[in-house]
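Labels run A, B and C following the written order; every chain starts at residue 1.
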Amino acid sequence: MNILLRSWSAYTRATARWPGLAALVPFIPVIALWVAVTESGMFPRAFLPGPVEVVKAFFSLTYRGILPDYLQDSLVRLFTGAALGMAIGIPLGILIGTSKWAHRVSWPILLFFQAIGDIAWLPILLIWFGFGLTTMTFVIVYTVLFPVVLNTVLGVESVPRDLARAARSLGASPARVLWEVTLPGALPNIITGLRNGLGYGWRALIAVEMIVGTSGIGFMMFDARRSGSVVEILLGMIILGLLWYIVDAWILAPIERATGQRWGLVTS
Amino acid sequence: MPHDIDAARPPRWLASAGGAAMFVAPLLALVLIWAIAVPLFGINPRVFPSVAAVGGAAMESIRDGTLIEHIGASLLRVGLGTLIGVVTAVPLGIAMGVSPAVSTFLTPLFRFFSVLAGIAWIPIATLWFGYGFGAIIFVIFNAVFFVVTYNTLLGVSTIPMPLRNAAASLGAGRWALLTEVLLPGALPNIVTGIRTGLGFAWRGLIAAEMIATNVGLGYMLFVARDFYRTEVIILGMIVIGAIWLLIDRLLLVPLERSTIERWGMVRRA
Amino acid sequence: MKTLELRNLKKTYFDPYAGSHVTAVHDVSLEVQQGDFVSVVGPSGCGKTTILNMVAGFIPHSGGEILLNGKAINGPGPERGVVFQSFALFPWKTVLDNVGFGPKMRGVPKAERDRIAHEYLALAGLSHAASRYPNELSGGMQQRVGVVRALANHPEVLLMDEPFASVDAQTRMTLQEELTRIWQERRPTVIFITHDVAEAVFLANRVVVLSKGRVLDQIEVALPRPRVWDDLIEDETFKRLSAQVLHMVRSA
């Protein structure tokens, strides 16, 4: 009991000083379990390789330059798609959010197109644009766009009307109200939308790379699947997980929290 | 006495019928534009089909039973995978969330896996289970499982301590604490988890069906592409959109609204 | 006959960040007779909540004894009802079901516990709100529900931790008057924790002043009942007692 208490105390103190630790330590038992299962010979190696093999594959693929290239391809695609999605989505959301009529008319359409989902677009996109960058970008922009638009609309509508009135009566022009009041007021929701959109977006990217790709992490995983190389599949999964974990937990979530909580606006 | 507030409002069925009409009208307008635009601009049916062609494809696939077969296959997979996922995730999430120390420790782990959930598992799932039913169920299951477990864990650990104490001081035992406090307290997060998880699962399903099977809506779309049958593709897209819209708006959103918002616990889109 | 007895009660917290122990309650002894009303006041951080939580059984004590009718307490139990500062109403239950929660835990059938709940809601003037959810009530109404929820379970001892701190001044006065009225009607044993010296004197038969985890002094309040603010606000004894307690708390 005492030892438990003391080690818990040590752990709490250590994680308070280095918060990254709290995200790493819990994986130690998982990796240990993984080693134990592979070492026990319960499954054939070809079915479930151990961590050592995965790390080896990581170094060899990195050394050969394949992994950095693929990673770069995937990230560039994701971020171009996200940037485009935001560039279209935020203005569109503000436009729709400021007009009751625009909202009424477009809301069902937005919900319906969001419901179709990114991946279902793939076949028709392949007919329209063939196997290539346009298809991939379209899918990602599409995926990011809807959560951003829907949440921006909600954000704009959640800004208390009196704030806009206050700004007007203090002498702000309508354009200034948009910039000084509407946009910051909607920001927490916009970021929530972006976070959701990217969450769906990178999944779409993986799917697209698997189905149409010639490069990228998704392609690497699916190519490995064809040649039966489980090591590379696992490596791909770990990289994806880590990457997204870092983006989401250390970049997006803190921004979301910072804006939403500091201003005392309730979002989520 | 509580009735006098509602007296001023229109009856519920009328209000919801009006709401439905308001909802459908813009979509019908869109179909109208589509019907006018295709012949007006002389669009090649291999690029975009006419309304009539899609209608024809719908009639044909309903008559020969293939559409129902594809829809049935997809819904069965999603239903089964989700059911297994939820049934295993909720008890696990609650069990882990009961102790604050355990839940703080495990949260990053489940966050990692919930981030990975769904599509990224397709390659390894097809390798472990072969192409077919097992692999697809696994993909859906894990999309739901990790997201729901993570959210349940989060939900239980955010229940204010005074609520647990209140129940205990009113004589609640372990079981009552579980059913009366922990489960309802975590419900907002559980429902959110199911909504998010199902969203991932539905997309994962379409992707997996394109890759790993020979029946289902995703397969229907992907095969139609080989023959440039855009009318079948568009039909499939409409069906996919309509099914998800129905599931989300008629099942998940009302579930969130009816409980959570009335309780004033959270408000969201 | 004495119901509740604290003997040399002590509490040390373990602070995982510092890795060390902090003593919040050093040595507290207190006796509360059955049907008595005791207020506990003291500066912030002197251990009031800690004592209440130990008596409620929410946290274990590190030394001494807590006896109820001569028997050591063991964890939370329905014989010690608690009214929380944060109300702690179950947001997913209607007002009626919140009040009927205690009886439900005792296995009282639905119809009977609804009757009990209605009876207690009437006591607090809340019959009209029975089918509403807590978030649809004002703060004052929520706290009334919190009080009758604890009462409906027929506790021997009622433990209240700054229950009226988060309601407005007018409502607080009404609630205080209602509490004395209900107390006279049902005569539960009450331990009432507060920051507010006037509140402590207004409500209680005895005010216990705490300082740094110890009992500084106890003052008997021999004011007549029923107590109403309109009378007491000008009352010389009330003023004198309040000043006396205030002085003690400030010098504590």
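Please note the rule applied: a residue touches a chain if its C-beta (ideal position, glycine included) is under 8 Å from a C-beta of that chain, and two chains touch if they have at least 3 such contacts.
All of these numbers come straight from a predicted model, not from anything done at the bench.
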Contact graph of the chains (line, ring, star, complete, other): complete
Higher number of C-beta pairs in contact (A-C or B-C) found for B-C
Farthest CA centroid from chain A: chain C
Chain A to chain B, mean C-alpha position gap in Å, rounds to 18
Per the C-alpha means, the centres of chain B and chain C lie apart by a whole-Å value of 46
Residues of chain C that touch at least two other chains are none
In chain A, the residues touching two or more other chains are 8
Within the complex, chain C is touched by chain B residues 1-2, 160, 162-163, 165-173, 176, 180-181, 184-185, 187, 259, 262-265
So, in the complex, the side of chain B touching chain A is made of residues 22-27, 29-30, 46-47, 101, 104-109, 111-113, 115-116, 118-124, 126-128, 199-200, 202-204, 206-207, 210-211, 217-218, 221-222, 224-225, 228, 230, 233-234, 236-238, 240-242, 244-245, 248-249, 266-269
The answer for chain C against chain A in the complex is residues 14, 16-17, 19
Interface with chain B, chain C side, in the complex: residues 56-58, 75-78, 80-82, 84, 86, 88-93, 101-102, 105-106, 128, 131, 133-136, 149-150, 153
As the complex stands, chain A meets chain C at residues 5-6, 8-10, 12-13, 16
